[in-house]
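Both complexes below contain chain A, partnered by chain B and then by chain C.
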Partner chain A sequence: MKEVIQEIENINNSFNYLVETIPIDENYDGDFITISIKDAILIKNSQARSSSKILNNYFPVNDSKVIKNTKDYFKNKNIKPIFIGKTIHDEFGFGGYNVNVGIDKKIPKNPYDDKRSCGGSSGGCAGFTAKTKFRHISIAESTGGSISTPASFCGVYGLTPTYGLISRDGLISYANSLDKIGIMAKDILDIAVGLEMIDGYDLNDCTNVKHENKNYVDLLNDDTKYKNNTIKIGLINLDENNQINNNVKDKIDQLKNNLDKSNIKVEIETVDISFINKYSLPVYYILSLSEASTNLSKLCGLRYGVQNIPTNLNYNDYFIKIRSENFSKETKRRIILGTFARMASYRDAYMNKAMRVRKLIIDKYLEIFNNFDFLIGPSTPTIAPLIDEIKNISPYEEMLADTYCCCPNLAGLPHISIPSGKDNNMPTGMMIISNHFTEDKLLWLSNKIK
Partner chain B sequence: MKFTSDIIIGLEVHISLKTQSKLFCSCKNPSFHGKNIKANENVCNICLGYPGSKPHPNKQAVLFALKLANIIGCQIPKKLCFDRKNYFYPDLVKNFQITQDEFPIGMGGKIQIGLNEFVKLHHIHIEEDPGSMVISNNTCLIDYNRSGTPLIELVTNPVMTKPEQAREFLKKLIIILEYLNIFDRYNCTLKADANISIKETNYTRVEIKNINGFKDIEQALEFEINRQKDCVQNNETIKLETRGWDGTKTFFQRSKEEAADYGYYPENDIPPIKITEEIIKESMIDCNKDDIYYNKINNILEDFDINLEDLEIILEDKNLGEFFNEFLNKNCKYENKFNPQLVANYFRNRIIKILNQMEINFSKLNFNINNLTILIKKYLDKIIDNKINNLLLEKVLSESNFDLIKYIEENDLEQSSDDSFITDLAKKAILDNQIAVDAYKNGDLKSINFLVGVIMKNSRGKANPSTAKQILENILNK
Partner chain C sequence: MKIDDNLLNQICKNARLKLTESENNEFKIQLNEIMDMFNLICEVDTNKINPIYHPIDLNYELREDIANENKVEIKKNTIHIQDGFFIGPKIK
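Right, the complex of A and B next:
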């Protein structure tokens, strides 16, 4: 264990992935798997700030459901989960590059090039997973691409499950109709293990859909369900001729070969999702910011988190002072935009329209999944950008990082980002999307790509 | 909107429900368990809105709301939806309140406030109550024990035209809620905001917030009407505003010229829940149409000749009303034994009077109901004297193992109609009270009552007063 502890310290000193470490029993010498947790997910007695100053000193009284499930999962196994700490992310998940760090921490660096971004918002999860030499599972979270983007930039696997599969109880909400807890790992096996360990129906989260746990690990290699059917794959977002897309195409060739070897028929064709691509990003931002602006209103320096008492200010001035001093610029921008979209005179033009378009996008996907089993394309349009470049781009351009992955996120569809190769020595990612609650199928196919 | 009346009143009533637990967590509901809990000890991460906590709706609260919506004739939506109403206030833990905006649990409906008088409703919806604030010495203390407890907000149309009508509305509303067993006037609270506008101000709407109880609503509205009329006479303009009520006068709180924008947003932590026929049936499991106050009154009026006002008062308490109804059916119907109006008089003038003195609700009593039946019969049969009845009634209602029959026997409390016994007493009374006898003989017929009183006193209440009167008349008119 001393080696694990030493490694955590070394990685963190150079890459800034952890905002909080959890004490580890250094005398333990059995089998173990290390687990890191996105800061927005509560673990009892460990400060949970969602990477924001405003939550300084918020020590949750309970474990989140995914932590409880994880502890239960390993109870009767001769392998011990070692929770190592809370990983950094963009404040409340607001960002695609993990440069919007709210607390007094340094910006995390890409494991392949420390001048580049590790992606966001779950950047700490991806970076640590890539860097550690030990077997590791990271419990991450995605609202609009916060798993796929960093997984792709850091060259690891990142699974975003169906909305409603994994309990959100104990997750500090960004946008509660979009937030999904997921898994990052170095290989598909540990993605399956991670999904099994956090899964479990939860009455305390009303959006959690009643379901039986599946044995995702066993189902990884089980071809029987797929032998007699033709697997239909739709290719998306591969028009441009560039290295990222070429890497995806190479992987698809590999996949085809492997399916042939397993005697599974496959049909591949290009699918036009221009409608989805055109509207997902604006709809995603209108809805996620509307929700975020109400979710964050509870943070006001009373009851928990940062405080400034005694004060001679009245309530309103006190709330304003606390929120002005402790939210980052990006957070304030998102609160203002989200509040605007909900206001009585604008809600029809923005919020209500966005909700209707979201429904259309989901319908469009479901129509596609009537004919296809999977959609495959690049996870991100670019490789990890240089941190210095990000500082110069506009907030709007920063939002474009989510162009590809906000689409399945908006529709609550399960998707996985798989390392697809390199471009300029930086990792690239390929994204596979499948229909709601077909994680077993998604992981099975991912396992055919090696 | 075109108004035809000089005064227009609409009410928004907040009703706390007597569910066992809070609306979105399993903390105790003080409206059920009582308020005897230390400040901020009846809280959890959900009702304190801690980051990461998620609400899950209380089925009992939803069933209560459905029951009310169904009974008062609301249109019930196909789905149960919650919304966030956003505003910053220290007693509101999340700085948004989970309530219902676009699809309330009941649209329309009406509350019956008299035999043929109804008040139409706009809607009813479910919402959570904030905590409570105590402000003193420039400090604000907040107690979140109440935070997250279930409320029903009931909004009437602007259809009331008199302050007394608003009072009657609240009074009848409480009775209806108690009949449905979703509210209890001792532990639950009912607060009203009243909107009032009068012709003289061109119907400028003024809101009076947080009025507790039906006496206050009438007083507050009367005060406000007079205030507005005075203002108009003095050429002052009435503006859209919110006022408070301190028990004697309304006072300015804030202007409403700029409408608040609550930025309502669907509460996505609670997805829409289908309201099925089964769940509506389940909500009505302990309740049917006969359980409505005025339906009960109508049923009794069909069978018995009783003053309506007496019935309204007796049936205010559902349990007392049930006992009354049963007594009538058993003792006034077929044998035609007792006059139902006399029974009603006994309930209103004896039982309710004593309950009011004891400051207790009939249903909260711990007593043997057979005793009460026996006592009423003996009283109506004139076997028990008025004064003795009062003494016995108090014992019957307050002592759970009181043996009425034994007590009457042991203390020899039954009245006598025995002629010779009373004749002796009458003769003595006549001898001892020559002045009254003379007065009677000179035409002052009322003075015979004095002699009856003497007989009652000397018999220690045992003599039947009407027999005594008759015997006295026989002797004196000879």
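Right, the complex of A and C next:
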């Protein structure tokens, strides 16, 4: 394991992907798979800050459910999971470029060009997955695009499962009705392994839907249930002629050939999702920030996290001081917007209205999935931008990074970003979306694109 | 809908945040740019639509409320402990 340990140190010194490392038994010489975990997901006794200063020195007393499931999954297998550390992300997941790092850590760098962004918020997960030469699975999380965007920018696979499939127990919440723990890996096989390993019904999360675990690995190559049907694919967001879209078109051609070889019929046509595209971004931000502003109200420097202010201050002054000094500017902006959307005078016009528009958006998707099996389009509108350029854009412009990814996230639909090629020597991603709880089908199709 | 100084102060009070003067000036412009995006949803007719709280239907299954956390371990995360209880700032 000495080589693994050395590699972790080398990668981290150059690219800043890990905020905490976990001790590794250097004498172990059996088969292994390395696993990294987004900092927002709890591992017992490993500092968990969700990349925020306000959680400095918080050491969880329990493993999150996905970590417990992972340990159980490998118990009877001839391969050992080696947990290597916690990965950096935007503070609480607030960002599309992973430049909003709220702790004394450096911004992670893109594995293909160290002047460019890794994407966010799960930038450390994607960057490390791309860079390591060892077999690796990263346990990531997405609220509005935090898996697809970094996976696309870093040239790796990133699966965001259906909302409610994977337990959120032990995840530091951003927005409860949107958060989904998912997987990043270098190939589709390890995406399937990763999904099997974190899956498992959990009574501790009342939004976790009761279900039987599926054998996603076995189902990857199982064509039987698709042989006698025609696979219908809808193309989305491909109206501009640029290299990112051309890469998607090339992948679609490749997919058609591979389905032909397997004697599976396919029909492809363009689908209009203009309503979904137009309203998903505001609805996503109104709801995610409303939920975030309540979630973050528990962070007040008393029972855990930063406690560097004496408690002899007045009740409100204590909380105001500790929160104002330890949240980043981006977090403060988001708390303000979320608090506004929930205030009695504005709740109906913003939060409640957004919940109604969300219903319409989900209905539009479900209508589409009555006629189509999959939707395919680019994962992101651009390649990874330069970090120096991001520093000059407004918070609103940064939100636009989620334009494509926030739509399936808002509807809780499973989707995967797969590497589709290069544009200006930078990776591009293609996103495939399918109906709720059809991850097996999603991974099966992704496996046909090699 | 715009966020002006008064409204921003009220929101910050509710959110237990205090902005510096430069944050205040910077945020006002940025927040209103985002508000323009938020206001887009006003044009959607939602009269006959019920709000949803989750993207999928959930059948909440309840569990027994059994304490299983280690009280000693949990308290190691804070210095604000007295006689086995968390202590906080005074109300007044």
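FYI, the second predicted complex is superposed on the first by the 447 of 450 C-alpha atoms of A that agree within 3 Å, B and C clash if a C-alpha of one lies under 4 Å from a C-alpha of the other, contacts with A are read in each partner's own complex, and residues count from 1 in each chain.
Everything that follows uses one rule, which is that a contact is a pair of C-beta atoms (placed from the backbone, for glycine too) under 8 Å apart; a residue touches a chain by one contact, two chains touch by 3 or more.
These numbers come from a predicted model, not from an experiment.
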item	value
Which of chain B and chain C A:Ser177 touches, first, second, both or neither	both
First (chain B), second (chain C), both or neither touched by A:Tyr304	both
Touching partner for A:Asn242 - first (chain B), second (chain C), both, neither	neither
First (chain B), second (chain C), both or neither touched by A:Asn352	second
Contacts of A:Tyr315 with chain B and chain C, given as first, second, both or neither	both
Contacts of A:Leu203 with chain B and chain C, given as first, second, both or neither	both
Chain B versus chain C as contact partner of A:Asn62, first or second or both or neither	both
Partner chain(s) touched by A:Thr339 [first = chain B, second = chain C, both, neither]	both
Partner contacting more residues of chain A (chain B vs chain C)	C
Which of chain B and chain C A:Asn277 touches, first, second, both or neither	neither
Touching both chain C and chain B, counted on chain A across the two superposed complexes	58, 61-62, 177, 203-204, 206-207, 293, 297, 300, 302-304, 315-316, 319, 339, 343
Residues of chain A that touch chain B when the two form their complex	41-42, 48, 50, 55, 58, 60-62, 64, 168-173, 176-177, 203-207, 290-291, 293-294, 297-300, 302-304, 315-316, 319, 339, 342-344, 347, 351
Chain A to chain C touching residues, read off their complex	57-59, 61-62, 162-164, 177-178, 203-204, 206-207, 209-210, 278-279, 281-283, 285-286, 293, 297, 300, 302-305, 307, 311-321, 323-324, 327, 329, 332-333, 335-337, 339-341, 343, 346, 349-350, 352-360, 362, 394-396, 399, 410-413, 436
Residue ranges of chain B in contact with chain A within the complex	45, 48-57, 84, 86, 88-90, 93-96, 140, 259, 261, 263-266, 268-271
Touching residues (chain side chain C, partner chain A) in the complex	1, 3, 7-8, 10-12, 14-19, 23, 26-27, 30-31, 33-34, 37-42, 44, 46, 49-56, 58-63, 69-70, 73-74, 76-80, 86-92
